[in-house]
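Below, chain A partners chain B and then partners chain C, in two separate complexes.
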Partner chain A sequence: MSERARQLLEIADDELILGWRDSEWTGIAPFLEEDVAFSSIAQNEIGHARALYELAARELGATADELAFDRAPGEYRCSPLVELRLLDWEKTIARHYLYEEADAARLERLKQSNDPEVAGLAAKIDREETYHRLHAQMWFDRLKDEPRFTAALDELRPLLDADRGEHGPELAELWDEMTIVRRSQPAGTTW
Partner chain B sequence: MVTAEQVWDALAEIPDPEIPVISLVDLGVIRDVAVDDGRVRVDFTPTFLGCPALEVMRDAMAERIRELGAEPEIHVLMDDSWSTDLITPEGREKLRASGFAPPAPRKANAPTLVQLQSNVFRCPYCGSTDTRLENIFGPTPCRSLRYCAICRQPFEQFKTI
Partner chain C sequence: MIYEIFRQERKGQPFQHAGSLDAPDRAFAETYAKEFYGRRGESEALWVVPRESILEIDHFVDELNRNYHRVDGYSLKEKLKEARERAGSAAPRDR
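So, the complex of A and B:
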């Protein structure tokens, strides 16, 4: 696999898995505004994943759905940060803040890519991510002196540099949920 | 034989599925129309990549082009060619008239939190700028929620992208 495809898959996996995790707040966030915010962010992240998988899929002779759903859980290249099922609000906000910071740096690099398709898509994604960063910043400003929040940042920050090949049992559980429709459809079904 | 102008006119009748007061042409998402011997190629870009209405819009465009007796070819561009600055003046007015505050110009830089929290956004109902940000996110990814302190009306703001 080329370096380009490897990199696209890595980002697509991050966005797909984080999108699923964010969507777990739909209906149960601490208040309605955040229910709407995390549902919207989840929708955007999964949209980004789809576009990134499509770009990788053209190179790999596959489809976006095959890349998103037909690999085994151990083959995903997402960061261990995004795969955790976080039931605490302060940890969710800490992850959101850490991820958006890291993702902003990554998008800045991709926007400079010599590959026009990669640079163009990164620039489009970045327009949307601006609002995710503003949302994360707003929460960071609100919680930055709260001990539970700073403890969550300290706990999760090392995961940004953790090995993308090592996954915990929570990714396999999510994969089961995420692929159940695809795995149960008769071969050749189109949507 | 169908002309590019006829195709543009036909596409101008297709409403945005999520904000039907504005057409795809008003939104500025039709980037190019090329007619070649009965085949019509349309370059089109989604406003947001996660837009669930993408397939609906693609099918609607193809159907209109077939009605003109031509064979459609719809290309979805995943590049950075669209910004809310491309919404036409007519489109902005249609948004405002139906209670959506049009997006602020993007200019050179991405929007900031200070900007969103400032009171430069005009209420589409009473025209006051005494409005505040309620939520960065709204019923669809392209909208934020604001509240007007003068006419006490919540309203939706089209995000600057």
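So, the complex of A and C:
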């Protein structure tokens, strides 16, 4: 696999898995306005994953769906940060803040890419991420002096540099749920 | 706190009420207003106003019934037309 495809898959996996985890708050966020905003962010991330998978799929002779759902959990290249099932809001917001910060730096690099498709997609994604960063920053400013929030930041920050090849049991559980409809259909089913 | 959101669809157009949202402070109100009313190219600008800042007046006493004082209560154009008809003369541009 080329370096380009490897990099695209890495980011697509991050966005898909984080989008999935964030969407688990739909209907149960701390208050209704936040529920709408955070669900919208989750949906954006899955949309970004789709665009990135499509770009990788053209190079790999596959489809976006095959890349998203037909690999084994151990083949995913997402960061261990995004796969955790976080049941506390302050931890979810801490992850959101850490991810947006790291993602901003990554998108800045990709926008400088010599590959016009990669640079173009990064620029397009970054326009939506602007809202995610605004949202993450607003929560950070509100919670930055709360010990529970700063403890969550300290706990999760090391995962930003963790090995992308090492996954915990929570990714396999998520994968099981995420692919259940696809696996219930005979291969090649179209909708 | 409840904020009322007013939306301007295009430059130069009046702001129109779009809806309301509940937010703990101005920063949250700004983010949610952008998220709900602004980020899909549907607005040129937004006004985000705490509901309590709005002075609402919804009770009017028309004790003298002088509706000719209303700005929409007296059409000069109509009055002129009637006067011209009585005088049997057309409007200046029709002469």
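Quick note on the criterion: the second predicted complex is superposed on the first by the 191 of 191 C-alpha atoms of A that agree within 3 Å, B and C clash if a C-alpha of one lies under 4 Å from a C-alpha of the other, contacts with A are read in each partner's own complex, and residues count from 1 in each chain.
We adopt the following convention: contacts are C-beta pairs under 8 Å (C-beta built on N, C-alpha and C of every residue); 3 or more make two chains touch, one makes a residue touch a chain.
Note that the structure is a prediction, hence the values are computed from the model and not measured.
J.: State whether chain B and chain C clash or fit side by side on chain A once the two structures are superposed.
T.: clash
J.: Given the touch rule stated above, what does A:73 touch, chain B (first), chain C (second), both, or neither?
T.: neither
J.: Chain A residues in contact: does chain B have more, or chain C?
T.: B
J.: Tell me which partner A:138 touches in the superposition: chain B (first), chain C (second), both or neither.
T.: Once the two structures are laid over each other on A, A:138 reaches both partners.
J.: Regarding the shared-chain residue A:123, is it in contact with chain B (first), chain C (second), both, or neither?
T.: first
J.: Give one of first, second, both or neither to describe whether A:37 is in contact with chain B, with chain C, with both, or with none.
T.: both
J.: Would you sort A:48 into first (chain B), second (chain C), both or neither based on which partner it touches?
T.: first
J.: Enumerate the residues of chain A that count as touching chain B in its complex and touching chain C in the other.
T.: Common to the two interfaces on chain A: residues 33, 36-37, 40, 131, 134-135, 138.
J.: Can you name the residues of chain A that touch chain B in the complex?
T.: Going through chain A, the ones touching chain B are 33, 36-37, 39-41, 43-48, 50-51, 54-55, 116-117, 120-121, 123-128, 130-131, 134-135, 137-138.
J.: What does chain C use to touch chain A in their complex?
T.: 21-25, 27-28, 30-32, 34-36, 39
J.: Taking the complex as given, what residues does chain B use to touch chain A?
T.: 48-52, 78-83, 110-113, 116, 134-141, 145, 159, 161
J.: For a test of understanding, state which residues of chain A touch chain C in their complex under the given definition.
T.: Against chain C, the touching part of chain A is residues 31-33, 36-37, 40, 131, 134-135, 138, 141-142.
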